[in-house]
Amino acid sequence: MKNYVKLFNFEMGRFLKGYLALVGITVAVQVLGVVIASRSYTNKINKYVYHEGMAIDEFLSQFGDMSMYAIIHSLWIQGPILFCISVLLIYTLLIWYRDWFGKNTFIYRLLMLPTERINIFFAKLTTIMVMVLSLVALQIMLLPVLNKVMSSLVPEAYFMNLSFKEMISGFDVLTILFPFSFSDFMIHYGLGLLAVTLLFTAILFERSFRLKGIVYGILYIALSLLIIFSPVIMIAITEKSYLYPLELFYLELILCVLVFIMSILTSRFLLNKKITV
Amino acid sequence: MGKYWKVIMIPLITMIVFITYYIHVQSNPVASAQFFLAKQSGDEKEVEHISLDTEINYTDGREMVGITNKGSIVYSNLSIYEHLKHISKNSQINRLRKKYGSFIRGKADVGRFFEKDDLLVHIDDSLNPFTDNREKHNITVSMYDLKTKEKDSFEVKLPHVDKYRWLFLVTASLNDNILKIITSNEYEEPKSHRTLTDYVVYTIDIDTKKVIDAEKVFEYTNEEISENQYSIIDFHTDKRDEFSDFIMIEERSYEDITVESEEEGAYNQQTESTAALKKYDIKANKLSDITIPKELEGYTFEHVNGDVLYFVKQAEQSIHVVGYDHSKNKITSKQTFDSFVDEYGDYRANTIFYNNKLYVTNLIDESKSIELIIEDIVTGDTIYKGKVEQKGKAPVKDYVFQNAFLNINQ
Amino acid sequence: MIEVKNIKKNYGRREVLKGVSFTANKGEITCLIGVNGVGKTTIMNAIMGLTPIKSGEILIEGKPLDKTSYEKITFIPDAITMLPQMKISDAMAFMNDYYQCWNQKRANDMLKFFRLEKESRISELSKGNRAKVNLLLGLALDVDYVLMDEPFSGIDIFSREQIAEVFTSHLIENRGVIITTHEIHDIEHLIDKAVLLDEGVILKEFNAEDVRENEGKSIVDVMREVFHV
């Protein structure tokens, strides 16, 4: 356990600069986006209302009021989110391969540590999950801040204050990232955890058996998916469901947990017996 | 500790943010309005399993909600678990599950159940809708007798079904271990491309599990009578979830007429009426014509309860429902109920006849309020009257209901 | 004692180890000698559990390798096993963090001996200095066995001298050392046991002292005979 925490801390440290860069980019781009969008709107107010004497009501009916709606779909908000998602996806692969393919062969050191090798796996897995969740948390914190920034830049009469829910319900990616119900949150990130675990196991197959390992890895993922979806496939084939919807839900839950455990055990086996530097 | 700030602070802050977020979300459940079906008169029990599913349009968005007498749920706000829980709510299936246990498993979504005292029969016709695979023309009959605890399930191959494009289970009857299944079988005549419908009775001996007879009792050709006039065939049984000893076969004609109105100019309206009515007695294997009294010309046949047939005609803001006992050639009741018409001037979208009750709503395309009236069509009594109202301290003003429909068996 | 018993290993269809057996004792320097690509590094990796073997057995003090073995045996590969962005002090702290057998005093002594700066970044070190740091990180562990893979390869003459000095120092006293090299001149006189390898097979295993005293041959002489060069 102690060694796991040490390794986790170490893995976090290795990506800390990249992580802080992602935080910085997200904050900077989104705040800048809000400032620019608000400025361009207030410029319009200046032009039409103050210089051309348009009535506020007429202006509002023509251009609409200003709210986070106006920006939530723009690249200013979505860009950093999609960028963070892509970086973390790439890092999910890199977190293993950098130990093999760097100038220095750090994997020798990692594998020769006097600790269970599965701790390396857990440390990398938690690092990815913590990075993902903390960036999502950042976005949760940032949205109300952006709303405040906008409200300070746009005159009150033109500004529509949106609740947090109203802000995110307009953007599908956000409702996936932070669903309204806690049980959905557990499902989304549970599936995320499972996906990363499966990918890690596939990477370890590749690192153990190289070219053949790619095939094994793909087959492993296919087998896992087959297990997870087997009840649904059965229903599709037989056109009958012997399980009621909630039972199916619990069965899927159990299958996902089983596949997760299977993946951990397979990874442990590969790390202990098959991995090659 | 100092060295480990990363693995303490980052997860800790993340956790705090998520906990705060979910506390915030839980304590402000729905920003939208809370509607419920408020009783104005009658028995609350009548609406226990009723849900009004409707779209609500606000000035800044829309949502699908289900409104019951207890409150409303916004479907898009349901979590995956809540959604699954919601779709498991069918009161008929749940009653059968309670009574017949695991026998219901795998049968709820396919075919139909027929219950007679403590005997439940499930007829699964789901494997035979298309003739693409002719081998599939089998019907699975499963039976469970609660008294003897005997379960049985067998497949029967229906004879002479190759030409049909579509088989639809109409109803079934069970007497002295003889199961009769009535299907309406559709096919296309190759030359004329007209669609024909055969009503066929398949007689199955439960003991031998074989089809011992297949008889076509009625044949119908779907045809356009004229450019603005056509008719369709429809059937009615008196009990949806029980065996029936007869079916009513109705030919209903439709006519498009142009109405001249000073306000709106000329517009098309459709009228409908029952053109012919037959009764097929399953037990006696007899098809007979029903003579519709002159008085009921222009009425449409909507509901049957034993020998009493209910005919409906629409008036301005009401519908006339007339009960006619065909065995005695006597009109048994005449009721007038409040009704609402849709934008085409049709009452049918807003009325449901079910178990000798008439459910009337004003599910008009767009409305600010929804009313529900439940009438006993035998006695003419109004057994429930209610209206959708808002709960809470700050009711929403700008909204409109759209595309609503009534879900009786929730 | 490290016992390597009839180990076999394939890379795809190519058999790189065709049943290799030898032992290495504590307090002795065992040298695996052979040209590049004969499987020396693979043997080292196999002993350390860094690559699986097809068959055979490797025992350390009579037991197969497990996580506790890494407190008894260390491996110094030919490239440094730390991240380039680390300072030498970071690398030492890392070792101190995970290994109970880490000897900080010895590490500091070696730092002085090699004339290395604690605050230098690994990426900024010369190849020779990097090899020294690598050696330091391995030898500062109080372990019973040290495995070294080509410690002299590609290193300038001065660094080589300094590294060779290590072999005569107390740093490897009482330890079992397995070393692979194809350049044995620097340490020939220190080797206790030589294992000559070619194409995955041990051609000869002999006690260097015996050969020197009884036959009057140096290791290089035996190599000439065995490898026919």
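Odds and ends about this structure:
The letters A, B and C name the chains in turn, as written, and every chain counts its residues from 1.
In this section, contacts are C-beta pairs under 8 Å (C-beta built on N, C-alpha and C of every residue); 3 or more make two chains touch, one makes a residue touch a chain.
All figures in this text were calculated on a predicted structure; none of them were measured in a lab.
Chain centres defined as mean CA positions place A nearest to the mean of all protein CA atoms.
Placing every chain at the mean of its C-alpha atoms, the farthest one from chain B is found to be C.
Just to note, of A-B and A-C, the chains joined by more C-beta pairs in contact are A-B.
With centres defined as mean CA coordinates, chain C is found 82 Å away from chain B. For the pair chain A and chain C, the distance between C-alpha centroids works out to 44 Å. Residue positions of chain A with contacts to 2 or more other chains are absent.
Residues of chain A touching chain B in their complex: 5, 8-9, 12-13, 16, 130, 133-134, 137, 140-141, 163-166, 169, 178-185, 187, 239-246, 248-249.
Taken in their complex, chain C has these residues touching chain A: 45, 48-52, 67-71, 74-75, 77, 79-84, 94, 97-100, 122-123.
For chain A in complex with chain C, the touching residues are 3, 6, 10, 14, 102-106, 108-109, 111-117, 208, 272-277. If you check the complex, the residues on chain B that touch chain A are 3-4, 6-7, 10-11, 13-14, 17-18, 21-22, 24-26, 28, 31, 60-61, 77-82, 84-85, 87-88, 105-110, 126-127.
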